[in-house]
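First subunit A sits with subunit B, and in the next complex the same chain sits with subunit C.
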Partner chain A sequence: MKIFRKLLLPFISLCAFLVSLVIGTVIILLNGDNPLVAYGALIEGAFNGMSNLAGTLSSATPLIFTGLGVAVAFKGGMANIGAEGQLYMGGMAAALVGVYLPLPGFLLIPVALLAAFLAGGLYGLIPATLKIKTGTNEVVTTLMLNYVAILFTSYLVNYPFKAPGAPLGMTVNIQKAARLPLLYPGSRFNVGFLLAIAACILVAVMFRYTGAGYEMRMLGRNSIFSKYIGVDVNARTLQCMFLGGGFAGIGGAALVLGIQYRFVQNISPGYGFDGLTIALMAGFSAIGVIPMAILFGALRSGGLTMELATSVPSELSKVIQAVIILFMAAQVSFSKYFTEFMTGLRHRREKKQGTGGS
Partner chain B sequence: MPNIEYAVEMTDVCKNYGLLQANKDVNIKVIKGEIHAIVGENGAGKTTLTSILYGLVAPSSGNVKVNGRPVKISSPKAAIALGIGMVHQHFKLVPNFTVAENICLGQEPLKSLRRVDKKKMIAHARNISEKYGLKVDPEKKVCDLSVGLLQRVEILKALSRGADILILDEPTAVLTPLECQELFKVLRGMSEQGKTVLLITHKLKEVMEVSHHITVLRRGLTMGTVKTSDTDEHRLAGLMMGREADFVPLEKKPQEEEKITFSIRGLQVRDSFNMIKLKDISLDVKAGEILTVAGVEGNGQSELVEALMGFAHIEQGQVLVDGEDIAHQDVRSRRKYCSFIPEDRMKTGLNLAASVHDNLLGGRQRSPEIRRGPFFDYKKSSRLAADLVEKFNIKTAGLDIEASSLSGGNQQKIVVAREMSFGNKVLVVAQPSRGVDIGATNFIHEQLIAARNAGRAVLLISTDLDEVYALSDRIHVLFDGKIVGSFTPDSISQQEIGLYMTGVKGLEGTA
Partner chain C sequence: MPFLQTLFGPEVFAAALRVMVPLLLVSLGGLLTKQAGIENIGLEGLMLIGCFSGFVVNYYTSSWIAGLIGGVVFTTLTALLFGVFVISLRAHEIVTGVAINMLGLGVTTYLLRAIFGVKGAFTDPRVQGIPTLDIGFLKEIPVIGTIFHKQSIMVWIGLALVFAVHFMLYHTRFGYYIRAAGENPQALATSGVSLLRTLYMTVLIHGVLCGLGGAYLSTGYLTQYVENMSAGRGFIAMAAIAFGGAKPLRVFFSAILFAFVESLSSRLQLVQVPSYFALMVPYVVTIVVLAVTSWREKQKSKTRVI
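Entry: the complex of A and B
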């Protein structure tokens, strides 16, 4: 039983992935291409050779951060759909520091990352505060705040911080010293990836080995119990969202300091939303986020190669992602029904006894 | 008496939920046109019985006859077709529909093009309300009505569906005394018009006032049906509460200390609707004593526990542990002085989705007992958890399995083990044996007495009189948010205490 439960999530994640590949095959066939060639190109583009691998890992870097941002918040009981917005705020903050702050090189990157963390975290506090004070559902508020952040940063880079003469809204380039050092020359694979791995390990340790982590885990599963054992529920809720928003914000910094070297309007092609899928597939495990994010990075970077090699558009990888999302959503409710069913069976007689005479 | 016509006959009806027998060989005969009361304590099987009759649950065995014909009632729809109507304790009405719309819901009169004929609907509602003397304005919205009127709408709804047999589940629980009187008038009127009324309640006074026959249930068994004019409240209370000799008395050390460890002074608490739920509650618990707050559920027990745990706002009064007022401290600070066994272990007492280990650690997450430096030391914590599992005889397949996979008794033992393990001077224990098998109940009782013998102050909140008598040194009876009597278990019989619990006695001074 226990083994079964432990394997349920990976099993369903795998099924979702396989089914999405099958559906992808159908689409490739309808497109008049050979699926083997297409998938071969996709895999080759993602993993074959150091430079392709570096491309995959550099796409995975912001995804690890957003996936982690979502996972942390969910683990503490906050359904954070707002990683995209938090990423924009964080990216913007990092860009402003990177462009304007006259700091020595060794300080510039840490300060920019810290600014991104704070910006994303504070942005995450808005829905958390609304939930605590007014009971507003955070799913709605985090989702809506995404658009606020996207439009707000768009305004900033089109008006006050617009690079002179730029064709569309963007800042000027960040200082050279603010660029995240490369790990493989000729790519954008940089130390951000290592930071992302470190962040995941840090969070995993926090959840498993600290009192705060224990309280957040308990809170995510049963807030009444948490209150009863003396957890300051409101404070922990705020902390969770601050952390979650902060990591998503660093995801934005990874984009700005590691890939684009400036803030461009609409900078993210949906990394925040991908982070949601990644976190779901990882079962909100901080370590589990890493392989899932790499898989998604591979789909992104391999998709481009596939497009060049065949006539299959790179959008196919989006179709695959969409199918995965569908299956994961189904899995979440399925496992909920499953646990409810099992506990229901066990407690039915006691429940009846409890309400037997009223 | 030849040719008595029975509206409902139930013979040897049993209902099992797993191992629990909610109804054991229930026999009941309800004469057509009478008001028949079914009384019993919580958990006596009243609700199960009526659920069978209304088709909500199927009996495990036994026969049901309605109007002399054997029937199988498979759903509420089938029950309605047989002329059985039910007024639930919690109203099932659509708040922003009018009275007439609610009464006709699902059977609206139609005019051409399947449009609802509002005029007819209102006329129908007015008709039926006048016929039974249940006055209520059919055009008013239900959300604007008082509780008493809501109940009328429920009754009208059942009557408009052609109910000849009306089941009312605890109808007076939500009514003021005046509304009760009006309800009884209505019920009598219905009985005169040939309708059969089944009244489910535990309030004996009302039963004596309004019913023709009374059937008493205890622990799923029918204790007999009596004519109301042949009995009195005392005898009914005896039948209802009657003590069964299946409790092994546990040994109690004679009380030595006279030191008051825990006391409550003038506690007042309101619920979320701003209704006063506890009025001026004061009590003292000595070291080495089990003081019990007994009473029928819904008289303020839950509010008392929540107020003490720090879940509900205390409007007035003090909660003193060794003289220190903790009434306005947060939950974490209170737990330094008091341990709590809450009444709802599924939501409050346990995190069912977390492991046995994590559940046993609750409240210790900041304690150095399970840490090395700033981090959890799983060796230490597992040892602590394993010790508790062994000491409290918790049957589990391991420390890292989910608490939800344990039986109710073992789940409750987790709560008891954890709360006892803090060694606090004060234990607040609510319904510790609810939904727990006999073995675990006895074990938990032993632990509570052991805690008492070790000099802790135990405040027990319980609705189960057998438990109250097995454990208490002193008993306070809570009725309608007030303490209406204080006794020692040997100074009062269960029958008599039942009178206090049901509000028959004890209100002279306070009402």
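Entry: the complex of A and C
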């Protein structure tokens, strides 16, 4: 029974994925295309050959960070819908360091990453502080702060830090030394990916083996109980949001230092919101974030290939994603129905055996 | 003072009124679910679906009424989907809301390309705009005339709906059920009223209002559809609801305020002030107001314990 419960979440994730694939197939058919060709192109574009794989992993990199940021916050009981804003703040900080700070090369990247972590983390502290001081629900505040961050960074790259002569708001290119070293030439697959994996492992270890991690998990499960057993709820809430915001901020840095090499207004095509989906599908497990982020990275980069090969627009992946989220949101109900169904089956079997015996 | 004339002339108010209507309609829808105890962050997606489907139906029928109805129908169906997941399947409301937003953006962008082969903006002479109502005698009055005499029918419908929603919530049995569903669902269920039915009815009415607001956006003051046309208005509507404490009349005033800020922000650019800060106002104001109200409630409950 224990194993059954452990397998339930991956099972429902898988079902959600399959259902969305079926819906995707129907849409592709309605579009007058061959689903096999379309999905074939998607998989080929995402995984076939080193350069495609590198493309998938490079789009997965910021997603791992935002997914991790959301997962950490949720694990500690903070519904962080604000990863998008934290990513913008972090990306901006990284870009400013990368463009303007005259540091020796080997220091530039660590300092830029640190700046991004601090910027995202501090931005995450705003809703956390409001929550512990005034009891304001963090869902609405984190959501609203996304738009504040997007507008604020747009202002920065359109006025004080605008690259001269640029057609839209963007900074000038970051220094060469601030670029994250590439792992596969000809792509944007870079060291950031390894950092992302390391961050996930670090967080998993923290949750599993440290007192602080244990208290955060406890807090996420039952805040009243944690208070009774002497957890400093306020401090843990702040730490947890700081960490979560910080990782989302590094996601922004990964985008700026590893992919765009500058901060462009509206830099993120919803990586923060994707992070929410990813964290959710991973059941807020730090390690689980990695495969989910790679899956979403594959959808992103494979979607473009699919669009070129067929007439299926790449926005299809967004629809698929929405369906996945819907099912994941209802997973508690589904698992309840499923468990009831299974116990019902067992009862019936037992009954049958009972009547057979008598 | 040409500067102040640019910022506060009656034209600004007339523009604010046009900008306000979609915001107001979606806010009215959202406040109903909020009153019923459902936090819906999917307003943005619902609005976008209303916006797109209203435009498409209008395109095929060349009738603004059919367009409005089409927008309402598709938005209500999406709202029903939201309802099934949140009410019956007990899905996490916030996450479901995120999914609805994503679905709205994905489906509309996808269909825009699949049906019309267009990316970005789309317009066609076949689309019939929602007519304006020319009220002759208003024209004579100096300031009010400029603001009101040639406004869209939807402006008047929107204003009427504020009072209709207020009346429904506070002066009808069903409105009482809605509020009870939010405040004390057990009590409502014990009194023999179907909680499920109340919640579903609320979600459906909220879908209708969101659909009207969305359809007005693409066939009202503009007859054009632009990818992701709602552009955050659903979230500003959430801000208006929070700012107005989910009460129709107060939400109406916050919608006026935020719409004024929005039309002001485009004017501010004319006088060389970055509009970004003006556009931030609704979000910042909402955060501050939410914090202050939560803090006051916290203080109140503290003194109550003592």
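Keep in mind that, in the parts below, the second predicted complex is superposed on the first by the 331 of 358 C-alpha atoms of A that agree within 3 Å, B and C clash if a C-alpha of one lies under 4 Å from a C-alpha of the other, contacts with A are read in each partner's own complex, and residues count from 1 in each chain.
The definition used in the following text is that contacts are C-beta pairs under 8 Å (C-beta built on N, C-alpha and C of every residue); 3 or more make two chains touch, one makes a residue touch a chain.
Please read these numbers as outputs of a predicted model, since none were measured by experiment.
Asks: Thinking of the overlay built on chain A, is A:11 touched by subunit B (first), by subunit C (second), by both, or by neither?
Replies: neither
Asks: So which positions on subunit A get touched by both subunit B and subunit C?
Replies: No residue sits in both footprints.
Asks: Quick check: in the complex, which residue numbers of subunit A touch subunit B?
Replies: It is residues 1-2, 5, 205, 208-211, 214-215, 217-218, 221-222, 224-232, 339, 342-343, 346-358 of subunit A that touch subunit B.
Asks: List the residues on subunit B that touch subunit A in their complex, please.
Replies: 17-20, 22, 40-48, 89, 170, 202, 297-298, 309, 311, 330-332, 335, 340, 342, 346-354, 358, 361-363, 365-366, 371, 374-376, 397-398, 400-402, 404-405, 407-408, 434-436
Asks: Within their complex, state which residues of subunit A touch subunit C.
Replies: 27, 31, 79, 81, 130, 133-137, 139-141, 143-145, 147-148, 151-152, 154-155, 158-159, 273, 276-277, 280, 313, 315-319, 321-323, 325-326, 328-330, 332-334
Asks: Please name which positions on subunit C make contact with subunit A in the complex.
Replies: 39, 41, 81, 85, 89-92, 94-96, 98-103, 105-107, 109-110, 113-114, 232, 235, 238-239, 242, 274, 276-277, 279-280, 283-284, 286-287, 290-292, 294-295, 297-298
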